[in-house]
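These are the structures, in structure tokens.
Next come two complexes, and both contain subunit A; in the first it sits with subunit B, in the second with subunit C.
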Partner chain A sequence: MSGARRPSKPLDWYRDPDGRGLDARLHLLDRQMLDRDGVPVSTVDDAELDGVELGEPVDHDHPPTVSAILVGAAVLPRIFGGGMPRSRWARIGWEQVADLDTVIELRESAEEIDAVWLERWIRDRVIARIPGGSHDPE
Partner chain B sequence: MFVGFPLGGMLSLAIAACAAVVLLPEAVEVTSLSQLVLPVAQAGGQLALAFVIVGILAATFGAALETTLSSGYTLAQFFGWSWGKFRRPRQAARFHLAMMICLLVGGGILATGVDPVMVTEVSVVFSAVALPLTYFPILVVANDPDYMGREVNGRIRNALAVVFLAVILVAAVAAIPLMIATGMGS
Partner chain C sequence: MILSDLLGSVVRTEDGARLGHVVDVRFRRGQGRGAGSLTLIALIVSPHSRMSFYGYERGRVNGPAVVAKAIEWAHRRSRVIPWECVQRVERDAVILGVEPPDIPLDVRRPIPPSQ
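Presenting the complex of A and B:
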């Protein structure tokens, strides 16, 4: 089978001196995050941007940066509309991101990530109390 | 995969065809699983009955497992949870809880006394309607060199894929009108 057909015309917003341009909506949002042991953590629900104010023009000498990945019940506003209050989002600082590929690898263990509290809560309150809940599947 | 899917599809078609040719002219309608047991018991006695009961148990239990696991996989992968039966339940807590809830919801639907055959028919029709919605994203990913590397779709594979997409679209569009027109076999 022939290889990938690259786009013949480079997209305008894709122009990037290193050829490493990423589209935050395409390459960041909804991507799977893995912790440092390769355990799935969550998907990226939203991103926190620094250096840009709503309604103000973007300063191209100091472009905005992604400061954090946000995790929360993003599916609710997607279905019912509206927005989620900022306090309901869990934040994973961008400094925790080790690698950005088809999955996002984090430097922390899932045990230490605040955004995974629900997993730990269900594990400790429900699953661990079921006989065989800690059973190795072999 | 190359043996199982075509074999399963062929057997299902064969069963449907045989039922239409043999049973329909006699005005015999098989509407529940228990009707299947009677002719087997008449023809083969107790031993055949035991055999068919084991078969029914395997089929229903297998289908229940498959449905439960597939709802767990779908939810866990959509939300990016840790999932899989290769992990201890403790290590994939949300996944296992989601499966338990799905199992309870499934049991609850049956407990309302609704006709399970009707539920199956409706859900099969709606899965046909939803098929393009799952097929098309997979086709998009199959064209993404980031994910696929050297196995990314080329022109021939994409041409075949678009042909299948057309077939699936026709099935999806036709599903609900056909369901209404045929009155779901009643």
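Presenting the complex of A and C:
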């Protein structure tokens, strides 16, 4: 394990000269996710990082990577401050991400994704029972 | 740890000097299945503002001119701090272990020589 050190790359590399960089707020958070059939699933509320923990020394031999996209009720903490309890986040493993562009494409079908069960439940149990709620507008 | 533990944190040097807030986190796309892995390479730190400004502060977007100027002013002297300089992350604070090089976020500004 190695601790903090001077940068190992040329300094301009950190300014992303080759376009392989991705800034979390600019390119990831709040992006729309589509399932494998192009159906909108949800948006990215947060991301789980593997390889770094609060209060522990950072190991620079193994830099942190994104391990999952987190979905949950992120609006309230943004307005009132504070954070969501970890148990309230639903995660979509990064291995399920097929492509990352102006939208994020997933490998799964929306019907199989546990993270959006609440939306499915509301659709099937509430919206569908409203007259006209079970078919497209005519 | 989750991303929002980093965003908005204060960045301090080992001797307690405050460099600003983390306004964004920079990853690098790797090779691999699907979208490829995302490895954390740097923090984007603003000494004056906690807000992200959706690309304006990076010097690649310049219109409308009034908005671009206002945001450029709010994020003046924003910089990129390589992740390798970080010693540990605490709740609401990132503690650096070495003096970070001066890498301006705005790509139009050159990196000072002799670092």
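One rule holds for everything that comes next: the second predicted complex is superposed on the first by the 109 of 138 C-alpha atoms of A that agree within 3 Å, B and C clash if a C-alpha of one lies under 4 Å from a C-alpha of the other, contacts with A are read in each partner's own complex, and residues count from 1 in each chain.
Here, a contact is a pair of C-beta atoms (placed from the backbone, for glycine too) under 8 Å apart; a residue touches a chain by one contact, two chains touch by 3 or more.
Since the structure is predicted, the reported quantities are computational estimates derived from the model, not experimental observations.
In the overlay built on the shared chain, the residue A:I130 is in contact with subunit B alone; subunit C does not reach it.
Of the two partner chains placed around the shared chain by superposition, subunit B is the only one that A:T102 touches, whereas subunit C remains out of contact. Applying the stated contact rule after C-alpha superposition, one finds that A:E56 touches subunit C and leaves subunit B untouched. Comparing subunit C and subunit B on the residues of subunit A they touch gives the larger count to C.
Shared-chain residue A:A90: touches no atom of subunit B or subunit C. By the touch criterion stated above, A:E48 is placed in contact with subunit C alone, subunit B being left untouched. Touch criterion met: A:P40 reaches subunit B, while subunit C stays clear of it.
Looking at the shared chain after the overlay, A:R25 reaches subunit C, while subunit B stays out of its contact range. Within subunit A, the residues touched by subunit B in the first complex and by subunit C in the second are 3-5. The part of subunit C that touches subunit A in the complex is made up of residues 1-7, 23-29, 33-35, 37-42, 44, 52, 54-55, 58, 80, 82-91, 96-98, 101, 103, 105, 107, 111, 115.
Residues 1-5, 32-33, 39-43, 75, 101-102, 110, 118-120, 122-123, 126-128, 130, 132-137 of subunit A are the ones that touch subunit B when the two sit in their complex. Every residue of subunit B that touches subunit A in the complex is listed here, in rising order: 76, 78-83, 85-91, 93-94, 96-97, 143, 145-148, 150-157.
Subunit A makes touch with subunit C in their complex at residues 3-9, 11-12, 14-16, 20-26, 28-29, 46-49, 52-58, 60, 63-66, 70, 77, 83, 86, 89, 94-100, 104, 107.
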